[in-house]
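One chain, subunit A, links the two complexes that follow: it is found with subunit B in the first and with subunit C in the second.
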Partner chain A sequence: MSQDTHAEDKERIGVYVCHCGSNISATVDVEDVAVWSKDALGEDGVVVSRDYKFMCSSLGQELIERDIQEQGLTRVVVAACSPHLHEQTFRGACNRAGLNGYLCEMVSIREQVSWVHTDKVAATAKAKAMVAGGVERVIKNEPLEPLHVPIHEHTLVVGGGIAGIQAALEIADSGNKVYLVEREASIGGHMAQFDKTFPTLDCAACILTPKMVTAGNHPNIELLTWSEVERVDGYVGNFTVTIKQKPRYVDTDLCTGCGICWEKCPKKVVDEVFEAGLGYRTAVYTPFAQAVPKYPVIDPDTCTYFLRGKCRACEKLCPTDAIDFSQTVTYKTVTVGNIILATGFDTFDARRIPQYGYGRLANVFTSVEFERMCNAAGPTNGDIVMRDGVSKPESVAIVHCVGSRDRNYNNHCSVICCMSSLKFAHLVKERTGARVYNFYIDMRTAYKDYDEFYQRLLEEGNLFIRGRVAEITDAARLPGEEGKLIVQAEDTLVGKQRRVPVDMVVLAVGLEPRHDAAEVAHKFGISCSSNGWFIEKHPKLDPVATMTEGIYVAGAAQGPKDIPSSVAQGSAAAARVLSRINKGEIELEPVRATVDAQKCSGCRICNDLCPFGAIIFHEDLMVTEINHALCQGCGTCVAACPAGAISGSGFSNEQVMSQIEGLLAFSLPNNLIELVPA
Partner chain B sequence: MSEKFEPIIIGFTCNWCSYRAADLAGTARVKYPPNIRLIRLMCSGRVDPTFILKALSEGADAVLITGCHPGECHYIEQNYKTMRRVKLLQRTLAQMGIEPERVKLVWASAAQGVMLAQEITKMVEEVRALGPLNWPGRMREATIIGEHPAVEEVVA
Partner chain C sequence: MSEKPKFAMYWAASCGGCEIAVLNIGEKILDVDANFDVAFWPVAMDAKYKDVEEMPDKSILLTLFNGGIRNEENAHMAKLLRQKSQILVSFGSCATEGCVPGLANLSSREEVFAAAYDSITSDTLGIRPQYSYEVPEGTLTLPIFNTIVRTLDQVVDVDYYMPGCPPESHQIGAVIDLVIQVLHGQAELPPKGSVIGAGGSTVCDECGRIRNVKKITKFRRLHEVAEIDPVLCLLEQGILCNGPATRDGCGALCPAVGAPCAGCYGPAQDVVDYGARLMTAVSSVIDSNDPKEIDRILDDIVDPAGTFYRFNLAHSLLHASKTAVS
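The block that comes next holds the complex of A and B.
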């Protein structure tokens, strides 16, 4: 059990057991673990083992560094907290002492032992087994070097809503090029549809359109509207992105945005997108007057020329001959180092709750329709009127949490609806003087100046009823209900049913992930949570990065959020990208799979396993090769290779097998009970 | 079977979800029995079925494989491959006379520390009920029997 100083080929291992103040030592006998390590694992090469109050402190690190230099350690095992916390710390200590950091292994005896177990004897035994596993594994570790990847200085921002615009502007202002891709004909996103913004009630267009114009004119921003990302190849620092540009049928080099085409277009259609079905547009159109870019698009699904082969009025009347019916889909390929996804949200389809009557009862509106109705540039010029377009409501019910906080539809809180409902209540009161009833479950008015706004609404005399609405109906039962919409709800504060007759109902529809969010996530190699939002790297400490290096998220694509939070995330994502661009390269964990061409039998079993396209098969040589630039290091191919020809650095078969042996080597005596029948 | 049998379970965790769930269980001080020993891999897709057999043959009574929920894999879809492999291995083990319940697959996101702790607790109880696997002991036994001249005669 003593050290074997003569064996030249044996590793010299140091084991360091941390007390973490009393976090570990309260449940694990750390002194015992340290003494035991040297005694029991001496034959494996453990020559030093120590326990220390705080291994991660500078003194603790110096202890390791000194031992590496004075005792000639070739491997280090630190039994302390989770490697996610301090792996880099101890690798750094090893590197400083001249030992490759990847020859250091951490064993998590805090998160996996002392904090989760109570029996000190059992916890100490488990800690010993885990140290043994770490020692056996570290012997098989190999010195590795982090991968250095250069960062291309161009950035792709997907989604031209407020979050995407903000991110694009921040990056462009620093002098770096941005491609801003937007699916619709104009940037602006949902915010462009709004009239006022809570809680300040400043006009959305007044604060958004200047940013849109700046983004449109910015020398470092290339706007790609009416476009979608078709394909993403490559990896952090060097993505190749193919962007599909739908035909506008308008030559943007010639178009001046004068507006003659859409004034003269004879085909009027209901605008289901921007006006939410409340207003009309022509077949050649810009979504709204302040659209950026100013060039219109021709909608081939409604244009008379595309449907019947005749008309071309716009072409005849265009003063600059900019109309070009011969345009087709084009593809543009760009190279970028980083990508920000700011693809936003969809709103809940209120028709999914039939008892609320949307689509059946004329005067039930959604919040999106109501936003357009309030907007001075909208279909009613800002007049709050019923579906007939003239009569003003004398009473309005606003229903909160439609499709949110509801197990039948979405469990999540959509965050913005309480505040936007309050905004609606204020606008109704201000513009019509109608009685306003808010049906809410809970009022959620967190964040700066929001609750003050709620107080103000209470003082304005708006009525608040706590209870989820059961039904909205036009079937009158009581006097005074004829010709009205009756909102039925349980008032949970007084514990009784209420039937409130009103003229108009506004359904505050919740936010949902984009209908194609899963498809987009797959395209960019990121993940969606079970309810469909893009998953960030860490919900608190890394909210805009994703698990895929070089891909960031901003705005409501990551989860419901209001304008200030979306803007903050846009800036945050831009800051992350800029730090990457500024540094010029990044270091990546060298966890990669490699094929030994000598052992590869060319069976191609691994070929279909890689979602990153890193596995290439050489037909001429009949062997498989792995592209290290594309490999992400998951190890699925390593596990699949029947010939054992693929090895995974950092997590090799030898490392894992040895760790299993170590973990189980000392558990058998206590575990085995007389099994052989007498 | 005089004293209470305490099983040993080897757990394979994914660096991105279940290992973080284990971290979270620790940070939240959620308690579970000390019968499990975790191994960190980058992905549940790295779990070579031979790792599972190795653990069982080295004395583990059961093996827990944990990964990201379907559709949430850090490497897009590798956990589906794990699912296939584990199912196949369970069938093979059953044919070898080993209870397939000794190999279990559990999905745990990085946020599900409590759930992971509950799953571990449940599995420890289940394996305790199954009793020891004692693969190494049986191997030794088989070797002894194998050396027996009578058996050799039969085999020959």
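The block that comes next holds the complex of A and C.
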């Protein structure tokens, strides 16, 4: 009788071993694992074990559902792929059959066994040990309920480049409020600097400025330019964001954007940002004529009044008295439910490759400078001229991959440079008739209409030399090189060194993560990849979400990309946010850390560790607490707490220790220390 | 033979400090005498193993067993006293966790012998204990020296654990009071397997020092600190203090006088592996993101095993190194 009671106490566990087509079964004897599970783990409560071709198929799931109902299973172990892939699937199956989904454990015998081993016997033994671990663990699992968090319907978009503008417009058009925060004085981002855009060669301003204007006037968009996010508190559905607004020294309520101030400002400085150093601006300025908003800013670092205490010409001349030197930094706090980061990219600093001579050889330009030069509204009014501002080049070399695909600088391909280089080649040909040499490593013209553009360029008679440029120099060695820039490269198609004398060189500098990307990522609680781009949740299936709920990424901040892809991501991120807003609330994984106040001694070791800012310390009680809405269940604090006062639901000590014990019980015995005396 | 219940205390691989601590309970020792018959306590009164062997099973009510299981004699006595006692208390750090003798679990038996017989002795070098030796009177034997130190509960079933190196006298007194109350039907015994004579939190809970968010840039040993801040958390001063992971009950005596907690009260309630816990905790608060700098900071920790596992190695998940068992 006592045995009966014992049997009733025991969990009734089902073990399901998946073939995954042949993904698993080619390396693991799945039938054997299934048979073994019931035999060897029957003591622990395994009452059913099966193998099936595709557990994730609806038939496979029904198998589990039926067993739960007919056999009264109280726990389920699925030995298949990684829980990343199908944990939700099998939890769903359990839920449908009336068993709490968190009483289901997945054991990854694909990623952790079949895909990494070749010896079928050893792989099968390992799969069995892992199933045993899963069974021991699942016994300790507790039923959990997902958390429900309401979603605030306002959204924050950080970065007003094309990606951010697109995202903001999509959301605003649907009737929801957006705060668009832009660091510079105007939105527009890099695209605002360009003249033409590949591959269609339509005018960048013509397609961008209407969107900028719409964003600027949109009743649902609150534009916060000359601003940056200072601090982010809270969690998905309910972020509190503090935005720092730098003083413009211009009262935007009064300013009409008439332009008298910047026309009259006596202080001219080189514009290193928008004009990439090629042109000038005044101390009070808007970055460019179509800037949105139209209000200028006064740059205190160059303004004569700020530097010497006198001038104030703008103040005297402003017809609406909009100049206000007394402005200071202000902070604005907003509440939003979701955040989209669209902070874009920086370009590679060509000075880092000294042998290319940028900054030393006058007629070596960067692609950004060249964009400004081509721009009809730019410093040369669109004339392609040498550094002296008048001479027209008769020959131009365009160097691809500067700082990209180069293990000394960046391993990545910057994606857009081949195409922008072709665009430049076309513009040079069209506007100057000069001979154009493209130095490339591989021509990368994937995507719609790109290769057609390349074909067109070939037909236009541009010259293409396949080889990485070794050096650009003004030291003439051969006749015809005097007074020229000599581009030296190995032509790998011909297999010989070439020295090509030209008048002008354009360096197609690569795209790099923003210099402060890591800082921004930290502020918003997301991560950067090893090369510095914001990491998306899944590279294929979830490209605009991040591992932090409620934070999305769009545009070149996530990785190098062209305008169409940036726009697509802006829309995609907006769609994700809108679906959240539409639903009104979000279900969160209940895997959360909890502090047992009784056991917490207030040592404060954990206090600064949470990447999501979920840890609160109560000074008065000397105990730590975790905000469950903020906690993402990463486990950092659980591991750090020396008192063992923090436990993670779904990852309790008992679960983890049991899993290890189960695993080791069937691993090689000589790995364990025998406790018997020698 | 009196009617009083029987009390026993035994030492295995230990230093004797636990016995002193018991004697240190002052006049309470008279309560022990008033309520118990001391059946076996080699340090206090003469008795032979065979006397214990002859006692009926379960005839001793309470046995305080201190010391780890280093050799076969220790193991024999552990089994014997388990058989003869109703309540077996793993008393003190050695019995409970292996304590300092347990650190020998990182070394092979030969390394232990070499240290004992070749370096810290003035005897002829190279001699080794002989387990059996013929003399005219017969054969003399020595107990087998096992490969590793085991804790009492790794050898026999234990009813209660009382941590401390040694347990604090006031805690011993309180436990004795409790048992006496139980004898008189005035209290109940805690559930089997409980830790008695200690708290449920950590030493930090009893420590009066001020704590802030921790950011450590340098670890220092006591003698390297010119002036210890009298009120600030020692760990924050870069002094490795085991308090955060150690069970409370001692009254935080060490940190109160500026000495870091060594961890003698063993792991706090929910700490599975004491040293691992401490190491993750300490490395979590190193204030650097530069791997080289972190290495440099960690290099200042002299003898990590002896620091983080000083009392606990034999009861850790690791238990012993492969060198020790091979």
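The rule we apply is simple: the second predicted complex is superposed on the first by the 624 of 678 C-alpha atoms of A that agree within 3 Å, B and C clash if a C-alpha of one lies under 4 Å from a C-alpha of the other, contacts with A are read in each partner's own complex, and residues count from 1 in each chain.
What we mean here is this: contacts are C-beta pairs under 8 Å (C-beta built on N, C-alpha and C of every residue); 3 or more make two chains touch, one makes a residue touch a chain.
Quick caveat: nothing in here was measured; it's all calculated off a predicted structure.
Engineer: Thinking of the overlay built on chain A, is A:Q598 touched by subunit B (first), by subunit C (second), by both, or by neither?
Structural biologist: second
Engineer: Does subunit B (first) or subunit C (second) touch A:M657, or do both, or does neither?
Structural biologist: Touch status of A:M657: both partners.
Engineer: With the two structures laid over each other on chain A, which partner does A:L478 touch: subunit B (first), subunit C (second), both, or neither?
Structural biologist: neither
Engineer: Quick one: is A:V390 in contact with subunit B, with subunit C, with both, or with neither? Answer first, second, both or neither.
Structural biologist: Neither: A:V390 stays clear of subunit B and subunit C.
Engineer: Of the two partner chains, subunit B (first) and subunit C (second), which one does A:R110 touch, if any: first, second, both, or neither?
Structural biologist: first
Engineer: In the superposed arrangement, does A:N607 touch subunit B (first), subunit C (second), both or neither?
Structural biologist: Second partner only, subunit C.
Engineer: Using the touch definition from the top, say if A:A639 reaches subunit B (first), subunit C (second), both or neither.
Structural biologist: In the superposition, A:A639 touches subunit B and subunit C alike.
Engineer: In the superposed arrangement, which partner chain does A:L541 touch: subunit B (first), subunit C (second), both, or neither?
Structural biologist: So A:L541 meets neither subunit B nor subunit C here.
Engineer: Could you tell me which stretches of subunit A are touched by subunit B in one complex and by subunit C in the other?
Structural biologist: Touching subunit B and subunit C on subunit A: residues 609, 636, 639-640, 653, 657, 673-675.
Engineer: Show which residues of subunit A lie in contact with subunit B when the two form their complex.
Structural biologist: These residues of subunit A touch subunit B: 82-84, 108, 110-113, 115-119, 122-123, 125-126, 129-130, 133, 518, 522, 525, 527-530, 535, 539, 547, 591, 609, 611-612, 632-636, 638-640, 648, 650-651, 653, 656-657, 659-661, 663-665, 667-668, 670-676.
Engineer: Note which residues of subunit B are touching subunit A in the complex, please.
Structural biologist: Touching subunit A: residues 1-3, 5-8, 10, 16, 19-20, 22-23, 25-27, 29-34, 37-43, 45-51, 54-55, 58-61, 68-69, 71-78, 81, 85, 109, 111, 117, 132, 134, 136-137, 141 of subunit B.
Engineer: Per the contact definition, I'd like the list of subunit A residues that touch subunit C in the complex.
Structural biologist: Residue positions touching the partner: 596, 598-609, 617, 622, 636, 639-645, 647, 653, 657, 673-675, 677-678.
Engineer: Please give the residue numbers of subunit C that touch subunit A in the complex, ascending.
Structural biologist: Subunit C reaches subunit A through residues 72, 75, 109, 144, 146-148, 150, 154, 200-205, 211-215, 233, 235, 243-245, 248, 267-272, 277-278, 280-281, 284-285, 319-320, 322, 325.
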